[in-house]
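Alright, structures below, take your time with them.
Both complexes below contain chain A, partnered by chain B and then by chain C.
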Partner chain A sequence: VSAALKEGRVTPTELCQRCLVLIKSTKFLNAYITVAEETALKQAEESEERYKRGQPLGTLDGIPIAVKDNFNTAGIETTCASNMLKGYISPYNATVVQKLLDHGAVLLGKTNLDEFAMGSGSTDGVFGPVRNPWSYSKQYKEKSVPKSLSEDKESDWVITGGSSGGSAAAVSSFTCFAALGSDTGGSTRNPAAHCGVVGLKPTYGLISRHGLIPLVNSMDVPGILTRCVDDAAVLLGSLAGHDPKDSTTIQDDFKPFELPNLTDVSKLSIGIPKEYHAPGLSSEILALWSKAADLFKNAGAKVVEVSLPHTRYSIVCYHVLCTAEVASNMARFDGLEYGHRSDMKDSTESMYAATRREGFNDVVRGRILSGNYFLLKQNYEKYFVKAQKVRRLIANDFLKVFMSGVDVLLTPTTLSDAAPYTEFIQEDNRTRSAQDDILTQAANMAGLPAINVPTALSERGLPVGLQFIGRSFQEKQLLTVAKWFEKQVQFPVIELEEVKRHDNGVFQHQKSASFS
Partner chain B sequence: LAPWIPVVGLEIHAQISSNSKLFSGSQVQFAAPPNSLVSFFDASLPGTLPVLNRRCVEAAVMTGLALNCSINKKSLFDRKHYFYADLPAGYQITQQRVPIAVNGSLSYSLCIDNRMSQMVTKTVRIKQIQLEQDSGKSLHDDTRCQTLVDLNRAGVGLMEVVMEPDMCCGEEAAAAVRELQLILQTLGSSQAVMAEGQLRVDANVSVHHPGEPYGVRTEVKNINSIRFLAKAVDYEIQRQIEELENGGTILNETRAFDSKLGCTVPMRDKEGKQDYRFMPEPNLPPLILYDTKSLPANMNHQQVINIDWIQERLPDLPSVKREKLVEQYGILPEHSFTLLNEDGLAEFFESVVKQTQMKPKKVIGWILNDLLSYLKQHSLTVKESPVSSILLADLLNLLEKKEISSTAAKRVLAELWKGEGKTPLEIVKEQKLELLQDQKELEQICQAVIDGQENEVIMMVLG
Partner chain C sequence: QKVSVEVLDHLEHLALVDFRDSEGVERLQKAIQFADQLQEVNTDGVEPMDSVLEDRWCLYLREDDVTEGNCTKELLENAREKLEEYFVAPPGNIPLPKLEERETFLQGC
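Entry: the complex of A and B
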């Protein structure tokens, strides 16, 4: 579509308007918390001016994008899907948001998530759950057995996964061309897999976290959701690089790259970590994973089984470190400076307590309590320090494997395809997170880049993705392999009625819709 | 009765003298309108991150070197959690695990028995120096049942200097803090003015019998001047001794010094022991400092701090300055202490010495006895002195040239204090204070006196 913009076949304002209309007609997905219609149109107009003058800012100029609602956006409400920040209008833009705007992107709105990014379903935010667009796809409807004749849209829909479900749904349903998510334990890759889109978790320290409301400072990264790998590379190019406002970004210069069209994979070594054959992994996905490995083998790549022996400790380790940081990060929400403030006036302490009880949901409060427990003086060594040591072991597992000559690891992203909402909520958030994070979260522990590539549709007609994990700061290699794989599998385009209605060829041309 | 050994340790917070705060770019300024110096980070807006201020690190390194500390080439930042209105993030960023400097010492001097001529030098060990954030200020408005919060001070850089319990009384504590204050002011790392909150001292006090383990200690806060520090410490020592001798026990508590009543009282606020749930600060990588040996070749020197470079550029510390004064001018050691103790006095002294032929050993008397006592009487600083160094030098020259007597000089000085702009020479002429040099004139005067006092003369001659 970038080419289309450049050639004048479509204008930025047209594009923006179509997206806005589509957002309205897919409102039932609940992917967006805030739609910034006025500012988006204004940005689109400015972009149009630049195209008219023949001076577009680059590939992203005029491209409609959406941003997860835990990124600060100046003048636009930032809620983190929590009562604590309802109505909070941030005075500054997150660095990544600013960069996108500087490249001319059009910010359509803020997407829905689990409250404060805690969850793996995008079901636990105060604005309600996000629905997976594939629930309404022809492919899913064809495969699903109707429960009753009078069944309507409401009962059978599946979740997006989380916590960046809104962003994944937005990209998947064509309401935007790319979206920002965040990834702490898999929050970008998990919904990407369930929604059939590309979800990239960059190396920790590559992209600035300034302005991303933190969950776990030592694991969070901004995530990129797009419809194809090339698009992810474009986004990455505009976002990566040192930010003086974020002391955890690396100082090295980052050079944006274009992905080569890999044809010869014979020099590639793909690792298959045996521990990722995790309990609960569906036979479908296991088969797909195997098929993918064979794909590489048959194309001449070296495919080896490897071992990451500490994988099974990662969930527990993650929970200790995550809750500890959450307890710390949430301490600032006291109702004094910003956000929700309770009416309780008896004393400062009682105001704090009431504010936090009213502002946070159960999930957040649960993690705060656990985290504070682990940080108590008498528990610190036993839990926090121990978890840090285990974290080091997990990271070393990866180092050893990469040092032995493996270039990229291939694993499943999720244990199964998207669950129906009614089934998903049978278990609590903590249980679900523990189950769903197992395949994605070690990459956050080790700070490694990882990407979900939509691979095939399941028996139920829902997307299944596979994950590639790469070496630190080797995004180019990682994305090159991912792009090759994407080309091989030819993942089908979602067939959504709403999209078809509003499309005049711009959204879906050829087999894949992209903006590069 | 078995003797008591008092044990005093100090925790001193010195505000770093810098343009901006420790982790954010907002300005550091005393008495600005409330909440006018607050950045997004200071207000703890979600998503903001700390960025370390280089100048603050340099100040801490300078201070560490001046206090003979080992500078840790790798130090870490931690979060210390507690809820309070003046702490927006719900935690303070400090250095609990590995601070920037450790194991130093501070030498200070005391007069024995209040006699300046007998000075003794003591040393207190410096346990560590750590960088940390200052909190904001909260004021309780009881009439309206509300708390007013001003975040101007939130995030200002502090150096916490921990002095081991090597001191034994209020006087020692006061002298140690005074010397630290002078050092900080000489370095420029802190202006260390207690009245403006730039230097805050908490005292840890306990007593025990010789040979027995240390007693339970109390922490004394709310000490607003060096004078009050001595008082507070001495009061607390006495209080503990009396309590124990009456069969009571000492609680491990925090007490506030009430300057009006001259005593310490338990502080309401601190209930029980707080668990601060320390956690490493994940947004700040370890602080790495270099020396000339470890400095990598291709490092941009703007990006790094070289400890040796800072060491080379340290100014003369007070102890060195005093030695130089003694050596250069032949004054007594206790004189050098007084000179450095008064802001600007040493410079005034040196200025006078330059402009007069009178020997420094004699000048010092005029400075310390006459000038200083006058200033003290009228609560003036050296800068505010109506008598400038030039005027005093002129006066001393007249004395040195024997144009006036020393009694006359004192009278001239008294006149000069009025600050009416007259020169010493003018005053001498006005009051006819010139010494008579003419022998004949003197004889005439003497003869006149004798002639006028016939009876006395006869009595004297008769014996």
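Entry: the complex of A and C
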């Protein structure tokens, strides 16, 4: 579509308008918390001016994007789907948001998530759960047991996965061309797999976290959600690089790259970690994973089974480190400088306590309390330091495997396809997170780049994705392999009523469904 | 073994959030149980890892020069109670009431 913009076949304002209309007609998905209609149109107009003058800012100029609601966006409400930040208007743009705007992107709005990005379903935010657009797709409806012949939207819809569910749903339903998510334990890749979109988690330290409301400082990264791997590369190109405002970004120069069209994979070594055959992995996904490995083998690549022995402790380690960092990061919310403030006036401490009592949901409070427990003097060595040691073991597992000559690892992203909402909420948040993050978490532990590539539709007509994990800062190699794979599997386009109705060629055609 | 009421109370004081109900306390118990699995791993001779970027010289200190600021107005905008250029807080140095005097679920434990 970027080419279309350059050639004048469509204008930025037209594109923006169409997205806004589509957002309205897909409101039942609950993917957006805030739609910044006025500012988006203004940005689109400015972009149009630039195209008219023949001076667009680049591939992203005029492209509508959405941003997860835990990134600060100047002048636009940023809530993190929590009562604690309802009404909080950010005074500044997160670095990644600023970079997108500097490239001319049009910010459509803020997407829904689990409260403070804690969760794996996008079901635990104060604005309600996000619905997976595939619940309403022809492909899913055809496979589901016919309950009633009505157009009832209240029937068994499935979850998007989380915590960047809103962003994934927005990209999947064509309401934007790319979206920002965040990834701490799999929060970008998990919903990407369930919604059939590309979800990239960059190497820790590549993209600035300044302005991303932190969950776990040592693992958070901004995530990129797009409809194809090339788009993810374009977005990465505009976002990566050192930021003086984030001292955890590396100082090396980053050169944006275009992905080559790989034809010869014979020099590639793909690792299949056997521990990722986790308990609970659906036979469907296991078969798909196997098929993918064969695909590489038949194309001439070297496919080897490898071992990451500490994989099963990754989720426990994460549990301790995450709650500990959360206990610290959430301490800033006390009602004094921003956000919700309780009416309690007896004392500062009681005001803080009441504010936090009113502002946080069960999940957040639970993690804060657990985190504080693990950080108590009597528990510090046994839990926190122990977890840090286990983290090193996990990171070393990966190092060993990559040093043995493996280029990229191939694993499943999720244990199964998206569950129906009613089934998902039977278990509490912590249990679900522990189950769902199992395949994605280790990459965050080691800081490695990882990407979900939509692979095929399940028996139920829902998307299933596979994950590639690469070496630190080798995004180009990772994305090149992912692109090759994407081309081989030819994942189908979602068939959504709403999209068809508003389409006149710009959206549905696979080539222009991406922007690069 | 179960977490004592003293520790639960201590946690509520430290975190300034409440357990709210028995579910909240159960949640902590389960979390501890889950975390205990770490004890199965042999970490003899392993150094704790603070950051995955420890090998890179990126965690640096910069020069102590003022490069931005003067945004008092923007910063005060989001505060509910303020006076001139101050954030207004209720009286400080008053500790939270003790367990017996506080309205907390833990009273019944």
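Just so we're on the same page, the second predicted complex is superposed on the first by the 508 of 516 C-alpha atoms of A that agree within 3 Å, B and C clash if a C-alpha of one lies under 4 Å from a C-alpha of the other, contacts with A are read in each partner's own complex, and residues count from 1 in each chain.
By our rule, contacts are C-beta pairs under 8 Å (C-beta built on N, C-alpha and C of every residue); 3 or more make two chains touch, one makes a residue touch a chain.
Values in this document were obtained by computation on a predicted structure and should not be read as measured data.
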First (chain B), second (chain C), both or neither touched by A:P244: both
Touched partner set for A:Y204, first chain B, second chain C, both or neither: second
In the superposition, chain B vs chain C on chain A residues touched: C
Touched partner set for A:T348, first chain B, second chain C, both or neither: both
Contacts of A:E337 with chain B and chain C, given as first, second, both or neither: both
Which superposed partner A:N372 touches (first chain B, second chain C, both, neither): both
Chain B versus chain C as contact partner of A:P91, first or second or both or neither: both
Chain B versus chain C as contact partner of A:A324, first or second or both or neither: first
Touching partner for A:I213 - first (chain B), second (chain C), both, neither: first
Which superposed partner A:V35 touches (first chain B, second chain C, both, neither): neither
Touching both chain C and chain B, counted on chain A across the two superposed complexes: 91-92, 218, 244, 247-248, 327, 334, 336-338, 345, 348-349, 352, 372, 376
Chain C-facing residues of chain A, complex: 88-89, 91-92, 204-205, 218, 244, 247-251, 310, 313, 316-317, 319-320, 323, 327, 334-339, 341, 344-353, 356-357, 360, 362, 365-366, 368-370, 372-374, 376, 382-383, 385-393, 395, 428, 430, 434, 446-447, 472
Contact footprint of chain A on chain C as seen in their complex: 3, 7, 10-12, 14-20, 23-24, 27-28, 30-32, 34-35, 37-41, 43, 46-53, 56-60, 62, 71, 74-75, 77-81, 87, 89-92, 94-97
Parts of chain A lying in touch with chain B, wherever the complex brings them together: 71-72, 80, 85, 90-92, 94, 209-214, 216-218, 244-248, 324-325, 327-328, 330-334, 336-338, 345, 348-349, 352, 372, 375-377, 380, 384
Chain A-touching residues of chain B, taken from the complex the two chains share: 40, 43-52, 79, 81, 83, 85, 88-91, 145, 147, 149, 275, 277-279, 282-285
